[in-house]
Structures are given as C-alpha cells and as structure tokens.
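One chain, chain A, appears in both complexes that follow, with chain B as partner in the first and chain C in the second.
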Partner chain A sequence: MRRDWDSFSFHLAIGIVAVLALVLLVAPTAIVIIVSFTSGFSLRFPPPGYSLRWYGELWDAWQLHFAAMNSLKVAAAATGLSILLGTAAGLGIARSQRASAKMLDSLFMSPLVLPALAFGLSALMFFSALGMPVSPLTLIIGHTVVCVPYVVRNTVAALSQLDPTLLECSASLGADKVYTFRRITLPLIRPGILAGGFIAFMSSFDNVPVSLFLRDAATDMLPIRSSAIRWCACPMWCATRWRRCRSSTRRCSNAPQASGRTRSTPSAASPCR
Partner chain B sequence: MPGGHRRASSAFLVPGPIAMATTATPKAPTAYDLKLALPLGAFLAVFFVAPLAVLFLLSLQSDPKGTSYGLSQYGNFLGDAFSLGVLGSTLLLGVKVTALSFLLGYPVAFAYTRVGARLKSLIILIVLLPLLTSVVVRTFAWIVILGRQGIINSALLSMGLISTPLKLLYTESGLVVALAQVQMPLMVLPLITAIGRIDPNLTDASAALGSGAWRTFFKVTLPLSLPGIIAGSLLTYAAAITAFITQSLVGGGQMLFMPMYLYQQASTLQNWPFAAAISIIFLVAVLAVVTLFNLLGRLSRGVASA
Partner chain C sequence: MQKRDTGEGGRSLVVDAVTHRYGASVAVENINLDIRSGELVALLGPSGCGKTTLLRIIAGFVRQTEGRIILSDEVVDDLGPKRRRIGIVFQNYALFPHMSVAENVAYGPAALGMGKAEREAEVRRLLELVKLGHLADRLPRQLSGGQQQRVALARALAIKPRILLLDEPFAALDKNLRLDMQIEIKRLQRLSGITTVMVTHDQEEALSMADRVAVLSQGRLEQFASPTEIYDRPQSLFVNTFVGSANQLNGIVVSADAGRATVRLDAGAEVVARTPAGTLAAGQRCLVCLRPEHLELGDGADGFAAVVEMGLPLGPTVVHEVRGADGAGIKVSEPRRAGVALRETGAPVRVRPAAPDLATAYSAS
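And then the complex of A and B:
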C-alpha cells in the first residue's frame, strides 16, 4: 500500500511539473499567433475580435520588408559560409585524437558560449581599426563566427554515428578517399550537416547582439527593426498597432540612424508603456 | 577494426563534454586530415580571436582618446559599487534562471524517456518550438502575458482575486520566468540524452531491492544524469546572462544587467575603453563559470561511470 502511494505520488508530481513546463513552453508562441489576429488596437488577450487587418498593415510596411530581405540575405550568406568552413573543420577534428584537435574544438565552440554582445563590440573595433567600414560583408563575417559552432558540432556528432567499417569496406573495394567521401561519408552525414545549417540559419536570422554593432545605417535587420518597435512601446511583431506607432518609431529609431553610428538606442530607461 | 567504436546517441546541441566523451575512438585508419580544420581555424583566428585581442588592448586605454595606457578602466569598474552590483545581479540572475529551468525541465526530460513514441515526438516538438521562433517574438509574448492588461492580470482581476493590476512586467521574477522559458530547450535536450543513456536495469534493480519510486529517483536516476544536468546548466546559464534582448525588454529600465550596461557605455555614451573593460570582465566571468562547469562535468562523469 505504501509502495503504491509512493509510486503514484512520484509519477503524479513528475507528470504535473512536466505538463506545467510544456504549457509554459507553448504558451508564448500560441499567444503571439492568436493576438496577431486581433481586430483591436491593444494587446488584450483574448482579443476583442478577430481580423486580418494587421497582416494587411504588415503587407504595406516597407521598412519591415526591407529589413526582412536584409536578414534573409545575410543569414543565407552566413549559413553558406558556415557550412563550407564548419563541415570541413568537423571532418578534420572528428576522428582525430591529437591534442591540437581538442584545442581546435574548444576554439570552434567558444563563440557559442562567450557573450555575443562583447564579440559584436570587439568586431566593430577590429574592423574600424582595420579601416573597414561596417557593411553587409562585416555583418556576414560576424554572423558566421557565431553560427559556425552549430555546424561543427552537428557534423562531429553525425560523424561519430557513422560506422567506420563502411569507409573501410569502400576503401578495400578500391575506392579512393574522394570517391568514398562523395558516395559514402557525405550522404550519411548530410542530415547532420543540414540540421547544423538550419540552426545556424535560424540563429543568424534571429541575431541581435552582433547585428547591433556590425550593421551600417543602410542595412536594417528584421529582429532589430521589430524590437526597436517594441522599444518604443509599439508591439508590432505579430502585426499589431504598427501604423499608429510609425511616427514614434521614426522618432526613436530612425533619427539615430540618420546620424550614423549611434543606432536605435534601445531606450530601456523610458519604455513609454 | 582496432578498438571498435561507440555510438553517440542523439547529439543535437549537446555541448563539448558529452559529445567528446562519446567520440573518443582511437585514431581510425579512416580519420580525415586535421588540415581540413585549418580554414575555419584561420577564419576564427582572424575574425574572432584578433577582435578580442583588439578589445583587450582598447580596455587598457586610460581615456577614450588613448593618450595613456594602464589598468585604470578595470580599476574604475572594480572600485565602483554600482558596476559591481550590475555584475553581481547578472551572475545571480543566471543562477535563478538555471535553477528554474532545471526544476521545470527535468520532469519534461524524465517524462520523455518514459512515454510512448507518439508522445515522445510531441514533447520534442514542443521543446524545439522555442528554438524555431524568434527570440524577439518569444520575448514579446511575455510582454502580452505579464503586462498591466496582460493575461495574468486580467485573469486575476476577473476572478476578483486582486483589485488593481499587479506589477509583473519589469520585475525580476517576471524576467526569470521569461528567461527560463526562452532558454529551457538548452536544458532539456542534454537532459534527454543523459537520462536516456541510463541503463534501465539499474532502476529495476533499485526497485527490486525495495526502494520506492522517490528513493530510486534521488539515489539512482538523478545522480546518473549529472553529466546532462551540468551540460544543460552550462548552456542555460551562459545563454541567460547574455540574453540582451529578453533582459532589456522584459526587465525594463530599472534593472541593469551586464549586456545592457556594456551596450549603453559603447553606444550611448561612446565610452569605448570602459565598454571594452566591461566586455573583458564579463568574458572572464563567463569563462570562469564555463571552466567551473566543465570541471564539475569531468568529476560527475567519474561519478556516473562508477
């Protein structure tokens, strides 16, 4: 009897906390989706009515389109570069036991752990010391640095699941290294590389800290644009209240852009809400 | 095949310590040349290590003009109670967020290893969902939830539990919950790997020897999953203290944390040497935490395999 209660209470406790955590994980995304269909001006939940009006507004918001295009282009370029460099590096270090491989592995992983904002600042200083003005190129380089660890990690993981016997078979049947790589290794590790590339793309598309420092005035990025709107108390991302706040957005994020490097200051000190 | 090989289980986002432990195979004849790693090594040396070196040099400037060099910026930071307070509250914030993510995330990972295939894929979808949506969107949702007219306040008001809206947004508790949600996947994924790797015979043996479910959990499952706990905590902690967007949007202006402090000094005040010194101090703090976790990880693997 005591035994049953013990087991029951344990599974009940685990179950309750797990369900609570899962609800917590889903709720924000679900709420954003629902609120984006609101017909009202405020962010009430549940919304007073439902409409597609904010998606219509979004359709007209050229600044956001521009920012989204920039984000897409930079993310695509950074992902391509990450896959190229990261897959090669993953292949190089995956099966090596040398101390240098371990050191390289720590180097490749460090952009993941170190604060991206500090890296953004240092990259800006580095490029300005070199006399390179911030441009889409510097942005792509910066994004590649913070995204490449995902590709390396996933390539290494995929390679560790690859049965080396297959490669030996291929070699003993007379295939050279390049042929084996093309026909055996690459097809088998491709899902891992693509998974890494996907995460790299998402994290580049979503990156704020590096973009804050490395973009130029002409290269507006979507996450920054959408958060700048929020910084002016204009919750926009899910297509809400955009038009009405346009003037305040302009005041708070375009004015600094016009004056060059001091970009949209996230005036957290005065979130006018 | 000398030595054979070991398979790593799903190593999605599993950080160094765990993944490396599973890839420890003796040098196979099929090993690729280490030279393949050189392009990325060179790329990171130029665009990651060199900028950090520039940052360090800049932090040694005594004034923004760079007329003299010294450790005065570090002195300014370490001698200033306000700056030290910002550092302390940032590190403490990470501890709180990590603890909450662990308390909520562990049961999810545990449940994942005990349910059927269909529920498994549902759980993994829910866990990955935050990773697939923008951090700005996730943060924004928390503003809808916690705001004065947010979901929690309107629910409490309509139930008559409170008469005036509670202040939830721009408070530290609100921020901790929001950050825990935003970073929880980083905790849950390594935990799933670690718990899934525990030999089920061990828990069966514990039950057969008369331990109840709670005792088995605390004496067998929890200690054996320690490597996953440490790996997940490391990722969650590092992500939580550097989460610039969530910290400034949900935290608001009253609470200042290191990333925002750094950004204010660099961007608004244009005090680059001081911002550089803040970055270096922040980097060192994060590095110290990472080293500590890695050390714990090495110890815990000894415990887990014993």
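And then the complex of A and C:
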C-alpha cells in the first residue's frame, strides 16, 4: 500500500514537471503559428478572426525576399567554407596528441565563447585596418569564423568514434592515405560533418551581431530586417505596444508569448512596406 | 642470420634479432624466429609479453628499434604496411561497417588497382572459399561473429598476401564456435599453403593449431618449438608453468651432471630431473616441476608420503589434490576407471613419478 503511494506520487510529480516543460516549450511555437493566421493588425492571442491575408502580404514583400536571399547566400557560402576548413582542422586536431593541437582546438572554439557583438566589432576594426571595406566577402568571412566551431566539434567527435584499426587495416590491404580517406574515413565521419554543417548553416542564417557590423548597406539580412521590425515605428504598433505593456505593467496578458517569435513571422513584417 | 627454407607456395619469414623499445621500457628484446614457408606459427604469451608488438612490427605498423624483418629473402624494414602485402585478421576483425561483405573483400584488390571484372570473380571465389557466397550483400553488422571472422579472412586473402597474420583470432568467439573456426582456419591455411603467424594468449589454441609455438615472456623468446616439444620438454620454468599446469616442488640438488640432476625433494623421496635451463650444482636449492599427469598415487613404499585433501572426477580423468609432508599442495591427475571410488579425504597415500625422466628442475631464485 505504502509502495503504491510512493510510486503514484513519484509518477505524479514527474508527470506534472513533464507537462509543464512541454507546455512552456511548445506553447510559444503553437501560438506563433496560430497568430500568423490572424485577420487583424495586432498580434493578439487568441486572434480576433482568421485569414490568410498576412501570407498574401508576405508574397509581395520584396524587401523580405531580398533579405532572405542574402541570408541564404551568405549562410550557404559560410557553411561551405566552414565544412571545408572545419573538417580539415578537425582531422588535424583529432589525430594529434601534441599540445599545439590542443591549443589550436581551443583557438578554433573561441568564437563560441567570445560575445558575438565583441567579435563583430573587432572584426570590423580588423578589416578596416587592412583597408578592406565591408562587403559580402567580409560578411562571409565573419560568419565562417563563428560557424567553424560547430563543424570542428562535430568532426572531432565523429573521428573519435572511428576505430583506428580500420585505418591500419586499410593500409595493410594496400591503400594509400588518400584512398583510405576517400573510402573509409570520409564515409564514416560524413554524418558528423553534415550535422556540424547544418548547425553552422542555422547559426549563420540566424546571426545578427556579426552581420550588424560586417555587412554593407546594400546587403540586407533577414534576421536584421526581422529584428528591426521591433524598432520600426510605422507599421509595428502591435509590436511596440507589446513592448510597452510588458515594461509597464503585467496587466496585458494575452499577447506576450508570441512576441519572441515575431521577428520571423511574416505577419509582423509585411506592413513595413 | 639463421638458415631458412624457401619452399614452394608460401613465403618464409625471418625475424632477425628484433628489439623494440617504447621510451625506456623494452617491449621485445632480441627475438629471433625463423619461420618456414607454409608454416603456422603461434606467438604465445600472457598479456604484455610483447607478442602484439612483434606482430605489429611484422605487419609494418611499428618500426623496430633494432633488428630486421626478412620476408622471403627481402628485407622489408623500409616498407610501410601498404607495401608489404601482408594479410591481417584483426582481433575485432575491423570490417568496414559501411560496406557490404563483397565490398569489404573487394577493398584490397580495388586499392591495388585490379580491374572490375577480375575483382568480382576473385571476390566470388574467396566468398565461396569461406562459404559466405550467399551473404555477399549483407552489411557486417548483420553477420554473426564467426561469419564476420570469415569475411575478415577472405578480405585478408584477397590481396594474395605473402604471409597471413592473425591477431587473437578466436578471442571474440564463444567456445563452441571457436573450435569450428579453428578447424576452418587450419583447413584454409593448409589449402592455400600460406605462411601464417598467429598471436594468442590461449595455450590450447596455440598447441592445437600451430606447427610451431613461440612462447614469449616479458619481451623475451622463451622457447620456439613444436607443440609437443613445448609441452614435454619445456626449456624454462616459465614455459613449464605457463603451458599446461605443473606442480612446483622445492628440493635440494644431490648430484648433477650436464643436463641432469638428482634432487632430494623437501617432501621426501629423490627424483632424477632434466635441467634444460642450465646445469645445477650439488647442494643448490631448486624447483622441480612435475605435471599432474606425470604423477601417480600409490600405497606402496616408493615416492613420498602425502595426505589426500580432495578428489575431483573430471570424466575421463580424476584429479586428486594432496598435501606433502612439507605442506606443499600437489595435483595428481590419473585416468579414471569406472567403478573405482575416489580416495577419501584425509587418507594417507604415496606420490611418485609415473615414469622416470618426466621431472624438470630449475634453480630456485
């Protein structure tokens, strides 16, 4: 009887925590999706009515399309470079026992520790000291620096899973280093490299602080445009209203959860035209 | 350099005064092996005896500090593993997990630039040889341990290796499968006539499979001889106790000449023993090794007195654990006859060598 109660209370407590966690994690996303179908101007939840009007607006929002294309291009370039450089670095670091390899590992990881704003500012100063004006090139270089750690980390992890006898075996079967890399090492660590590449792509696509400093005026980036929505006075009275109400009182209880996602919701962005 | 025999079929392998040091510690010390073509040699020893290091030196993964490796009259020290053409079956098989059985076997020929049609025919031939033709498209993880080992063997044979190395080949298999695979590998080795070196810590495996066994201890070669020679005429105390089991009895040398000594055991009785590890001096303390099956229990007056502690019937044999007058525990193994009862605990018996010339004496140090 006592054991039943122990077990019941245990499961009850775990269940409550699990439901709480699920609600807190999933609810904001669900609310954003629901609010995107609103028929009104404000990000009110629940919406006053439902329509696809903001999706229609998005279809015509050429600035957003332009920014998104820029972001995609930069992210693709930065990811490609990161995979190339990060995999090479990972191969070198993972195989070496030397202290220099450990140091290089920390060096490649440092962009993760450094505040991205600080890196963006110092990179801008560095480029201007070199006499390089900000351009898509500087933007891609900056993004690559902050994306490389993800690829390095994942490559090193994948390599540590790789049985070194496979490489010895390959050599004993008459394969040279290049052949071994192409047929054994690369296929076996490819999932790790791709995972690293995916994270790198997302972190580049989503990056604000580095883009803020290293882009030129012509290169509008999607996350910057989206976050600018918050400050934009004309169209975003909905967003600003939310900010005001959160900073002043807690009375306004219906909209706030959605706000964290507004920057990427099309409905919030389109009135900027 | 020693004499060697380069026959048809397999290649000879000479390990010539090979020493290897890792920093200050010596992994193998002055090893000389002269392996004839077509021979199956086992490197036997406890873990840390240097047998794996020696195998890695032969394979070319480790460059020895001193000495030479000579493969059918060619010194191969400057050749890396990829140019030695030595087939290796690794302990964990090291099958390429992302390739099918056929692709694994085809890997070596492909790396060596063999044409596609020729390669496929070779793969088919080898998979038939190891009786895995029907599993060519499976991935390694879909195979049992024994099947994986046969794939590893086929893959090693695919490069037409000059010699074959097996690293603890049966350690990962369960007992029933182990015997099957031992027979299988011995069959394939005989069939192809390929010179084979096998590393193992399992003495039964070494004695049953190998033509000759090299016993290693602490980096040194203790004895290199046929399995029966190793078992019957061990050259050192280590070989005597590591291969098979042996009772070690303390005694004092009464008289000695070259290769032979009469020893008075502390438990009583005198025995004549071989002294392979060096002549002993009269009056010297020594250890006499007698295998359990080299002793027998009697009720007469010869031998020395002991008391039965325990009797263990092991099917065809019966082992009695007895204790001598000096307190030494001694195992005696005799053929068991149906209907004959075990000796009772506490019963007095006499222990004597079953035949002359079976004891071996080493200086006690």
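FYI, the second predicted complex is superposed on the first by the 217 of 273 C-alpha atoms of A that agree within 3 Å, B and C clash if a C-alpha of one lies under 4 Å from a C-alpha of the other, contacts with A are read in each partner's own complex, and residues count from 1 in each chain.
The rule is simple: a contact is a pair of C-beta atoms (placed from the backbone, for glycine too) under 8 Å apart; a residue touches a chain by one contact, two chains touch by 3 or more.
Only a predicted model underlies this, so the values are computations on that prediction, with no experimental measurement involved.
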(request) Figure out whether A:P115 sits in contact with chain B (first) or chain C (second), or with both, or with neither. (result) first
(request) Could you tell me if A:V148 is touching chain B, chain C, both of them or neither one (first, second, both, neither)? (result) first
(message) Going by the contact rule set out at the top, does A:Y179 touch chain B (first), chain C (second), both, or neither?
(response) second
(request) Classify the contacts of A:S39 with the two partner chains as first (chain B alone), second (chain C alone), both, or neither. (result) neither
(request) Would you mind checking which one, chain B or chain C, touches more residues on chain A? (result) B
(request) Classify the contacts of A:S51 with the two partner chains as first (chain B alone), second (chain C alone), both, or neither. (result) neither
(request) Quick one: classify A:L24 as touching chain B (first), chain C (second), both or neither. (result) first
(request) Mind working out whether A:F126 is in touch with chain B, chain C, both or neither, as first, second, both or neither? (result) first
(request) Mind working out whether A:C169 is in touch with chain B, chain C, both or neither, as first, second, both or neither? (result) second
(request) Name the contact category of A:A94: first (chain B only), second (chain C only), both, or neither. (result) first
(message) Show me the chain A residues, by the header's touch rule, that chain B contacts in one structure and chain C contacts in the other.
(response) 163, 165, 168, 171
(request) Could you pull out which chain C residues touch chain A in their complex? (result) 59-61, 80-88, 90, 92, 94, 96-98, 107-108, 111-112, 155-156, 158-159
(message) Looking at the complex, which residues from chain A come into contact with chain C?
(response) 163, 165-166, 168-176, 179, 183-184, 187-188
(message) With touch defined as at the start, can you tell me which chain B residues reach chain A in the complex?
(response) 1, 5, 7-8, 11-16, 19-20, 22-41, 43-44, 47-52, 54-55, 58, 103-105, 107-108, 110-111, 123, 126-127, 129-145, 147, 149-151, 154, 170, 177, 180-181, 184-185, 212-214, 217, 234, 238, 241-242, 244-245, 248-249, 251-253, 258-260, 262-263, 266-268, 270, 272, 275-276, 279-280, 282-283, 286-287, 290
(message) Applying the document's contact rule, which stretches of chain A touch chain B when the two form their complex?
(response) 2-3, 6-7, 9-11, 13-15, 17-18, 20-22, 24-29, 31-32, 35, 42-45, 85-86, 88-89, 91-98, 100-102, 104-119, 121-123, 125-126, 129, 141-142, 144-145, 148, 150, 152-154, 156-157, 159-161, 163-165, 167-168, 171, 195, 199, 202, 205-206, 208-209, 212-213, 223, 226-227, 230-231, 235, 237-238, 262-263, 265-271, 273
